[in-house]
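In the two assemblies presented below, subunit A is common to both, partnered first by subunit B and then by subunit C.
On to the complex of A and B.
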């Protein structure tokens, strides 16, 4: 392992910093095309109903309206990301026969302006036969509950299991068994850019869609399926995207409707969602009802765990099947659980569907797991830090049948964060309104799973080299604000010895960039696309090394390198030429053929979950007003292992964002609903922490070297959304004696818990 | 959602403004900072044909203090300017605190104290302190002007005593009496930048023996309008602020509140917070009074 990097490990400014700072970055909603129409969706006002009739005649007559469609106009093809299990694909592009939540898309309008489109919606008459609805997993699973999808008469759309060891025997040998129930709630991605897309249909019968997405390839494939078109006739382009967090990784109804109506009218069609639509109907993190039974020896050794989660999936599967699996996976991570059983049930309810969201099952599982570690520590009279150190996973550990931990800095993270926060002393001394608490996490660096059932490699890169010393990197990896356009350039610059400005980048355009890339989710991009870029660079180097060897008549034993713009013999740096010169010679030597390198990456031999796991520990310090229950998070400190941080400044940004999102999850963000109706559909009442609420805190990278990561890198930032809630909950317990088992932790719950209300 | 269509009227004088208001009665909304109005129009809560903007009327953004007549805030005086005004900070520090507790920096740079009052939200940050200071609003119509005590100004959520032909042009706040003090207390679920789940303002005028000569309380977000608490106020008169008096005042105030449960808090929590915040407000007002 060489740590002598020149570009990797540098806190370089983002490639997109300037264009965003000056306001010149074009997002999907900024795109205006000649003759463009504006689309709007008619959404169901009822939570569960049969559609008896839809009358669009008045809407069609409104001057300025160019297209009105309902489910009947479409091919009525169901779709979903889980192509591997076709029966899991449970959504139509527009409602057919039934609506299943308030906000379910029923019809769409395209008109010459937004106001007319809006007015046209009010002219569409839909006759509903209302059906009783279910709004919690408990209601949905009750005997005789209304059935939401005919295929699943018990409203359980799927079950995921993990099972290893001998649970019954193990529990019999435990000195302490905790058996607790928990409830965790839904929260919104609340990305800064509400979803938008523009679709254009050309005279050759081909479609171009600019859309705010994390997964252009998924959109391309699922549009082809639902529109009855060929994949290659559809071009999906990702413009600048203002955040996704898992909320933009499926084909969405408005993408379909824009494409469909563009084809129908011959005019471009744009959809832009309002924030109210996003909050009231958008994807969200799964609420869950969880029961967790965990057993320890007297000395704190973990022996067994039985973990059961009921995921409130809302009206459709969305990414629920993956969340259901990952929740169980993370329930058994972080510590050595020799005996573990997980049962996860994905349950339909008449609520907006939950989907993928930062952490993807981990925040729920780890809130429960970390809270129980803290409960057990107390009952066994062990410091929460020590019970963790005793059970922590280490490099080389195996999760039976799932994965091997190829690098792990968990113990180092625990010790580091304890040192940073003066943990032991504060844990002993604080109390009476002041508390300190701990939470930890592990996360994946991309998934091994192929539920999308792609026939391509998971990611691919193409690098073209030029004799002026520049290269062009083409990749379908999607920068949605997380910074992969910068990080992939850094990886390529390191590999080829070039400067950042020497690299031109074209990304995320399905007609131009190499097939395929599964998109930005599950913290997969740095590791997977990074490895593909390295391999493509290697192909370039192989071609250049030949001509440099020839030019200097190098002994075959010489190693060559690319660095500082030169290609040279490592031990004889004088025997080298500039990168561009090497490209020119290589082209001449090959009768004009361009110098191109390709690289692909698909995890192989990496088990069932991920090529690499990251780890970390976080400590929260809080003050609780014992009269009002108001919580102030005074400090939030983190130590984590993300392998080699390719761009430490970017990692810092991810961590701060994680704390912000974790804070909202822990304390104040929630969808308050009544009979399927969202009562907190504006930022006035859907309370995201503001800048002033952000606690100070430091973060330290515990560096490990991940053998499967590019230059040793792995996941950073997504996993860290998990420890914040359990750390704050533990600090609140330490401060007040109130132990939260039902998020979010509100002032009212604290006062009720303490018997003051 | 985009704004509905409307005509934008921006007169240069109050006379012209009054004329336009009278001419378009019932179809017109007055805009000061616009931070509440435009959001509500976008949400289609209001669909006025006309918006009467006061921004071009000269001399409406004044903030003046006279030791004999007190403080005057023009209808266009921005929240941020009230926060920073030296006379407000010196003589009415709780008005500045309340203005600063309103929304965010961006909103405070646009929004006005008058707008916050005329919006007549039960949770408005700027009403309680003005109410306990016995402020009044000047209402101007083409036919003349009148002064409406704030105590008579609020009729219900979003409803004020203003006639459809009247423009609220100025807030008048009496001179702070020697030996008086005010406090503003607020609690909201998100802590630092948020709408109040409950707010309380207290005013105390002490006598030479540190007994309450006068007491006024205003409870916000626990009724259809910001509420005075007359029974608690009467109870306090003539008393020294001992712990048991504070306790009882808190309980009395909680009893005078008429909270409901909504997404921001349950009624039980609100009632308890009225008690807690009342006690805190009384203690702070007491300290302010001792130092005034």
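On to the complex of A and C.
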């Protein structure tokens, strides 16, 4: 473990901050191509219906309209991210026979301007035979409920199980058993950049698609499948992306339609979603109905947990199969649960599909788990901090059959956040409208399970070195605002002893950057792409070390290093030459061949879930107005273990963004639905926290070193979206005596809970 | 019926023919290809489209272009003197980690320009209030607030 880093660990400004600050960064909707057409989607106005007829004749006649398509024009090939389980792929590029939620895409138009495209939509006549719909998991699973997909007559699209230990025996030995029901709600990713894409046809059988995506490779593969084309004939380029948070990691209908219509018309086609489309029809976090039974010994030792979750998946599977598994995985994380059983059911309803979203199964599972820890602490007369310390996971712990914890700073995080907040003293002082509460989390550093069923390694990097002392890093890792273009440069600069500005970076272009990378999700990029970059750098170094050794006739016992632009013998720094000169010599020595290094990373032998887990603890302090129930979060303090922070300023930024999203989840964000209709389709009605809503707070990185991560790094900033809601809920309980088991926590619920309404 | 109007944008004069319902945002982004100004919602709620008109911040998505004949419009592209030098607000946003995905950034920076013109030494509460029309999903705002404090300090000390 070497902590003597020169670039890693520095709070460097983002490599792309300047181009963004001057307004020159091009996002998908900023791309304007000659002859470009504008696309619009016709969406279903009803939640569940058979399509009897679609008449596009009037729309096609409108001057300026160049293309109108419906499901009948397509190959009617179903798609979905879970290629490993083909029957889970339940979406068509455009509706075939049926619509299943308000917003389901039925037809698409491309015209010479947006106004004409919109007018054309109004000329398409669709005859629907409306069917009864179901709008909650309870309705969907009821006897005789309307069937949404024929393959799943009970509307349960899949079930996931985790089971270890002897649950019945364990519960019989418990001194305290809590058995509670919880409900958690849907929220929006609310990334600031609405989805957009532009597709261009080369009149020679090939397509290029610029799209606001986290996963260019998924888009490439699934476009090829649905268009009936070869993967290599489709080039997907990720321009700058204005946030994703899990909401941009599938093939989307507009990407298909842009590509299809560009091929059909021979002209570039652009689709840009409106915010109303995003909020009313876009992916969202899974709402869940959860029952959790958890048993303790008198001294607070956790003995058993039985956890059952019904995920309201909306009309399609989307990333639901993963959410259903991860929810159960996180339900058994953080603490040692010697006996654990999880059953997760992914249920179809006639609502916009839920998908992947930051934390992905963890915010739901941990709201429940952390709330029950706080309930149990109270009933057993133990400080919530102590009950956690007693059961906390440690380095080397094993989750049976799932994973081994290779680094864990959870206990240190608990102790640190308690110290930062003067926890013990404040917790002893009872309420009267002021409260302090705690929530904790653990999260993954990328997924191990290959549900996309790729034949490639999970990630790959290529580094080309030049005799002017610069290098070119090529990677399909996708920066969507989280900062991997900066972090991967830092990792490479550290390895090769170069400066940030010596590194040219080309990323996320499926025709140019190395195949493949599964994209940005599950906090996988720093660890996985970072490891691939290190390996590619190692290949460069191996080539350079040979010629430097030769030049100085170095004794074989010498170790070499790259630092400050030099390649040299570690113990004899005078025996070294500049990086660029070493490249030139290495090329000369190899008859002009370029100096290139490749590195791949695929987690192998790392269990079923992830190579590394992050941990952390958060404490909320709140004031509740006992007359109105209004909640003010006075402070949020955090201590967390993300391994080595490659860029501490970026980690802090992620952390503060997580608090923002967690705060919204806890207090103010929710979709108000009427049947299948989303009523909160503007940012006026769907309230994400403003600058004034953000509480002050400090954060501390607890020092650990993750052996499987690049320079000891692991996940940062995604898992942190989880502890905020349970911490605030616990603080509200401490302040008022109202215990929230159904998010979000609203003034109305508090007053009702206290019998004041 | 389109009307020909002259817009003064970042010190340049542009003649454009617009329908009366065309927004400033559409004219900037689509007609003039000044795509630094973003569109996040189209309903005036998110602030990503903020530009200055006669020094005051406005939502370009809610402003009709036809109203702006003869007015001075400044967009994010017009803030830095040239590609070498940056406006102090831009510098502070870069150095303080106030930019993540960058989509809210042009609007945030233009709102900040308005704020610091009205109130060169704002308190933290005044900064947060000044940003209440600009949403950001990545940063949690704190580093943006830090950047604005930093810019305010630099700008007032250079004008002292």
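Note that in this section the second predicted complex is superposed on the first by the 756 of 757 C-alpha atoms of A that agree within 3 Å, B and C clash if a C-alpha of one lies under 4 Å from a C-alpha of the other, contacts with A are read in each partner's own complex, and residues count from 1 in each chain.
Throughout what follows, a contact is a pair of C-beta atoms (placed from the backbone, for glycine too) under 8 Å apart; a residue touches a chain by one contact, two chains touch by 3 or more.
Note that the coordinates shown come from a computational prediction; the quantities given were computed from them, not determined experimentally.
When the two structures are aligned on the shared chain, A:558 is found in touch with neither subunit B nor subunit C. In the superposition on chain A, A:652 contacts subunit C only, with no contact to subunit B.
Within the superposed three-chain model, A:546 lies out of touch with both subunit B and subunit C [touch as defined at top]. After overlaying the two complexes on the shared chain, residue contacts for A:692 are found with subunit B and with subunit C alike.
Annotation for subunit A, partner touching more residues between subunit B and subunit C: C.
Of the two partner chains placed by superposition, only subunit B is touched by A:747; subunit C is not.
Contacts of A:241 after superposition: subunit C is touched, whereas subunit B is not reached. Contacts of A:32 after superposition on the shared chain: subunit C is touched, whereas subunit B is not. When the shared chain is aligned, no partner comes close enough to touch A:677: not subunit B, not subunit C. By the touch criterion stated above, A:739 is placed in contact with neither subunit B nor subunit C. The interface of subunit A with subunit B overlaps its interface with subunit C at residues 274, 684, 690, 692.
Residue ranges of subunit B in contact with subunit A, taken from their complex: 1-2, 4-5, 43, 104, 187, 189-195, 263-266, 268-269, 272-273, 276. Subunit C contributes residues 29-30, 33, 35-43, 45-46, 48, 75-77, 79-80, 83, 86, 90, 93-95, 97, 99-106, 109, 125, 127-129, 131-132, 134-145 to its touches with subunit A in the complex. Looking at the complex, you find that subunit A touches subunit C at residues 11, 13-14, 16-18, 20-27, 29-30, 32, 189-194, 240-243, 245, 274-275, 480-483, 649-650, 652-653, 655-661, 682-684, 688, 690-692, 694.
Interface residues of subunit A, counted against subunit B in their complex, comprise 114-115, 118, 274, 276, 627-628, 630-632, 667-668, 672, 679-680, 684-685, 687, 689-690, 692-693, 746-748, 751, 756-757.
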